[in-house]
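Next come the structures, one after another.
In the two complexes below, subunit A is the common chain; its partner is subunit B in one and subunit C in the other.
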Partner chain A sequence: MSTAPVQAVPALKDTKQPASARTRRRRGVNREGLEAGRRSTRTILWVLLAASLILYGFPFLYLLLTSFKTPIDTIAVPPTILPKEWTLDNYANALGRGGVLASFINSIQTAVISTLLSLVLAVPAAYGITRYKTASGRVFIMAALVTRMVPPVAIGIPLASMMASVGLSDTPIALSIAHTTISLPLSIWLMSSFFESVPKDLEEAATVDGCSRLGALWRVVIPVVSGGIAVTAIFAFLASWNEFLFALLMTAVRSQTTPVVIANFQTQFGLDWGSMTALAAIYSIPVILLTLLLQRKIVAGMTLGAVKG
Partner chain B sequence: MRIPDRRFALYLMTPAALFLAVFVAYPLFRLVTDSFFKISPVVGGPRSFVGFDNYVAAFTSEAFMGAGWRTLAYTVMVVTLEFALGLGMALLFTTLGTKSQVWRTMFLYPLMIAPIVAGLLWKFLMIDNFGLLGTMLTQVGILQNPNQIGWLSNPDIVLFSVAIPDIWLTTSFMCLVLFAGLQNIPGDLIEAARLDGARAPSLLFRIILPLLRPVIAVALVVRGIDAARAFDTILIQTNGGPQSASETMSLLIYRTMIRFGDPGLASAMGTIYLLAMLAIALVAVATIWRPGKDT
Partner chain C sequence: MSSRTKISRLAAVGGLSAAVVLAASACGAGGPAPSGPSGSSSINVLVEAGGHAELQPIADQCKKDTGVNVNFVELPYDGLFNRLSSEFSSGSVSFDVAALDSVWLPSFKDSLQPIDELFTDEAKKDIFPALVKEANVDGHFIGMPAWTNAEIVLYRKDLFEDPKNKADFKAKYGYDLAAPKTWQQYQDISAFFTKDGMYGTDVKGGVETEFLAHVLQAGSPMVLDSNNNVVIDNAAHKQALDFYTSLVKDAPAGAAQVDWAAAQNLFNQGKTAMTQFWAHAYRQIPKDSPVYGKVGTAPMIGGSAGVAGVPGPWYLSVPKATKNADAAKKFVKCAFDHNDLAIQSSLGLAARISAFQKYQDQPGYESFKPLIETLNAPATATRPATAKWQQIVDTVLVPMLQKAVAGGDSSALLADAKSKVQALLK
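So, the complex of A and B:
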């Protein structure tokens, strides 16, 4: 794609003049062409940014605030933004309900198995595709991209009956295999981008020194792309953690994951909004925090896949 | 004894290829086969070959054609709004430069939230009587009373309402990808255009957007495919109602299979749906991307 030659230009500029760039910006001249120079313009843009961030962040904040309201307050007319009385009742109700804690364990199990499976399959495949550039590799990466288009609703039922015929129905293993059909193409795509950026000389040097190709991959290349593997793992984990349709089609009681339990709050027990918001908060906050901690790597991973194509 | 590189590469790809063959290609094969049978929903029940009957039934059913158009409308709406908002935010972050980095991260948080949670959250905001959205719009004077707009109960606007959580969840993705693309536009080019007297709109339409074309193509196709498969957010908000006004293809197939117990018909619908998605994605890539005309 066309981004590669374009990329070289700003990269050269950046390394040459980091110090002078700062002084130039102070005089009101743009270092990068698109950065706004005038102070008044910048102020307006900051206000605009603040407004959009508040609008964008508010829905989840409201979910958190609601989770601390009393059950009566939750459905008060008219609704209030802040709880009149702060309480943890909703959390106690949500966690005390049968099956909720078990669903957390199921969610973690399923996501971990699915992540490991994706990595074990995707890392060698992506390496084979990018390092040897064979015709079969090109066909394979296209096929992997096409599987991204397959709607889960179309293969969920056949998959469920396949699992049942080998005695795996309603188990975290069956569900994690289904989730891997979603995360594997994505993982192959991401890992290919990461392997692409490793210089070929690296493992050539290793093979000259007497390493086998597999040994070179394991001992030399994999440590270099470990950051990329971490990003891929996070994406595979999130894909499984948040998935709903396969979980709905393939689990009954034993292996139900939390998204299905959250959805059931609505139908099974009437409209219990308070407990629902509490459970949704407990389920979302760990992954949001994890992502904020690892944000730099994640942003790199997301853009690699799309921008490098 | 050293095996040739080509065969070594093949060995590396085999496990993943086998996995996709067994767990994606084979179920798809089953789907296509099932679409030619009339199948009893009872396990082990009778199945009889009916040729293209299920396809005829699908194309002549109002529900199927309706769901097709709704899915298309939904996808176009979601992707267009996300693109407009995402581009706006990406330009905002770019013009503010490195100092906005912390806020750029904060902007990503909805990507980590489960669609099912997002759907429930927005249902809670838009629900009649105790929904906050109507109340707030009334307080600022836009609406006369909080229930004036039946976000999820009015069939005319429900397709728009159910799209809101989807847009809220993934505008961040659009923004992220476009932002990365913007960083690759050389500053000199923009400055040269400015010196030539180009103003902001022509800068955007003549220089920035054409240079972003490949990035835009990828972002639109990736999001388009996801939006066309939307299921979680709609199921949880309206379950396709009222009067099927928000029933998209995924929901219709799900209901045909599970609720109405007609796996044969559902399989035919699924097959048509998959073929249509493939065709549209190919056309989209060919027209937006235009690989031959790349700069």
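So, the complex of A and C:
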């Protein structure tokens, strides 16, 4: 109650000031208010960012820390975050296990082939769908989406039988084809959104300058969507790199990939957490490096897809 | 450099890489062809990841003895069954020998070759009786035991030998504190050690084998009788289930979720004084565990029918679809002949009685005598030979146990389980 007269006095004084001063003052107040609002928004965003980082980063951090724990530390009840005693034995065990190096090579082969197949098929498909806008194109893109709804386990066994019947059993190419069935629909959708964002005028200008339709695609459109291609390539690569079920059903001596080898640390006789986490940590390095290398392209690709031309 | 030139170069490099990768992909980095040509002396053996260690020293020896070279294909347990189902149903297999869990034999019997000639009288005498019976499906032997296991009792020798504990236990229960031999003793000891943040034992709601061993100890076949009638609601099953749940008060909380891994962790962390666990666990106690060197072993406890356990053997089988049947059978025979070599592996298990006996008195193999005693016990029996067994376990037995350890009424749960098993078998 006692504060009311105090507030009233400056208000009366203000009325005696020139209009321009009052406006400046109001602008100053607004600016301060806006600044304060921005600061609090920024703080909230930072808090949310930190929370998200912890939410997503903690499991990986825990995996990384577990890979440096001794066997008894890995199964401690209650679990400990930091190792009581740091050891590299798990890495030595994991890398010393037969077939690990071969599985890495197989994973790289499979992921590269699958990524290339996805891009080679998705780029022209997405371009055709977005530029020609035919009814069959719309049906095709919806049908591609439907294939994403089929659980992989439902097609895994028939696919394995088909590959065996054409003599591709236990080869990286068979697994790559299987992985392409997972990544291709998503790649088509992603590339479609990127092509949508490229103005048609660009192609028309290229055509006027003497380019064929394919020439315009190759020389003008693809360089513009290269960020989008990088994003699509990353998704396709990751889909293959981390895939487990098809690899389990379709690989044996020659082409077993690392996810299956990682799963092999869980046996009927126990779970070797240390070695399993060590190999998982090593296996994640190429993906992290790839993401860092293509970071700019990925960000560019994401913003490209967000703005319609 | 213009972006066009960049892209062209990138495309050229990409194309070249793709060509190299595609050329290389004709054969992966893992080794030779998945299955050698007909009559090849190289065979592929499909094995669960944990079993590879068991078979590797045998494979090395067999290469010297027979010239058969073995490539192992390791798969995780859960994936192995799917892989076997997939390949058997397609009629084309990428392996020449498969190591099969005993419960899978009935499911795959039509895809496996009989190996009756390997089961000589001499061989049969050296295999535990329950395993000889299990390997024979519909009148033919279709799997040669590679290694076997059974639950035994692991207990904290240091706590059992502590003079104060001994005196206190005797004063309270009127008999000496020692490894339990009966249900009553197991209950008493569990209650005695449940204090000061420690528990007498664990109760595993997430797995069924221990409950089934108690059913055998109570004098009944497990779930199905010899005529495939569902007997899960009989008195022995109720008695076994009531004993099982009676231990919950002396076990760590969350019994419904406790499985093998959790129980093993609890024991290795020193949180439980006793556990009924597969014998291999004795040799797998980590050296930095607080209980390392302080663990004693005893045969599985006994009920009214005496000691009984459920064996967990794995069999080497030869698929009908293999093109290398001769080499495959040579390896299976050789693996049986050199079965004792598996004991020197990290898991240290075998299948032949003579192999266990050879090591039973050596330090570090204290689990073998209780294991032999449990496997030789008259009431010990293998799981029912039905292709639906895994389904019965996953959809009826484990959910029933989880409800029981959470306080469910045993009679009602068993009656409900009976109708569900009957429905599955129809």
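Before moving on, here are some points about what is shown:
To be clear about the criterion, the second predicted complex is superposed on the first by the 218 of 309 C-alpha atoms of A that agree within 3 Å, B and C clash if a C-alpha of one lies under 4 Å from a C-alpha of the other, contacts with A are read in each partner's own complex, and residues count from 1 in each chain.
To be clear about the criterion, a residue touches a chain if its C-beta (ideal position, glycine included) is under 8 Å from a C-beta of that chain, and two chains touch if they have at least 3 such contacts.
For clarity, every value in this text was computed on a predicted model and none was experimentally measured.
Once the two complexes are laid over each other on the shared chain, residue contacts for A:Asn242 go to subunit B alone; subunit C is not touched. Using the contact criterion defined above for the overlaid structures, shared-chain residue A:Ala263 touches subunit B and also reaches subunit C. When subunit B and subunit C are set side by side, the one touching more residues of subunit A is B. By the touch criterion defined above, A:Ile157 lies against subunit B and subunit C together after alignment on the C-alpha atoms of chain A.
Once chain A of one complex is fitted onto chain A of the other, the partner contacts of A:Ser40 are absent, as it touches neither subunit B nor subunit C. Contacts of A:Leu53 after superposition on the shared chain: subunit B is touched, whereas subunit C is not. Of the two partner chains, subunit C is the only one that A:Pro172 touches; subunit B does not reach it. When the two structures are aligned on the shared chain, A:Val112 is found in touch with subunit C, with no touch to subunit B. Shared contact residues of subunit A, touching subunit B in one structure and subunit C in the other: 75-77, 157, 263, 266. Only residues 3-4, 7, 14, 17-18, 21-22, 24-34, 44, 46, 48-51, 71, 73-77, 79, 82-83, 85-87, 89-90, 92, 94-95, 101, 260-261, 264-266, 268-269, 271, 278, 280-281, 284, 286-290, 312, 347 of subunit C touch subunit A when the two sit together in their complex. Residue ranges of subunit A in contact with subunit B, taken from their complex: 1-3, 6-7, 9-10, 13, 30-36, 41-42, 45-46, 48-49, 52-53, 56-57, 59-60, 62-63, 66, 74-79, 81, 120-122, 124-125, 127-129, 131-132, 134, 136-137, 140, 143-144, 146-155, 157-159, 162, 177-178, 180-181, 184-185, 188, 213, 238, 241-242, 244-245, 259, 262-263, 266, 273, 276-277, 280, 283-284, 287-288, 290-292, 295, 298-299, 302-303, 306-307, 309.
Across the interface of their complex, subunit A is touched by residues 5-6, 8-13, 15-17, 19-20, 23-24, 26-28, 30-31, 34, 89, 91-97, 100, 103, 105-117, 120-122, 124-125, 129-132, 135, 146, 168, 171, 173, 176-177, 179-191, 194, 208, 211, 214-215, 218-219, 222, 225, 229, 231-232, 235-236, 249-250, 253-254, 257, 263, 266-267, 270-271, 273-274, 277-278, 281, 294-295 of subunit B.
Remark: subunit A residues 70-73, 75-77, 99, 101-103, 105-106, 109-110, 112-113, 116, 156-157, 160-161, 164-165, 169-173, 176, 218-219, 222-223, 226, 248-249, 251-256, 260-261, 263-271 touch subunit C in the complex.
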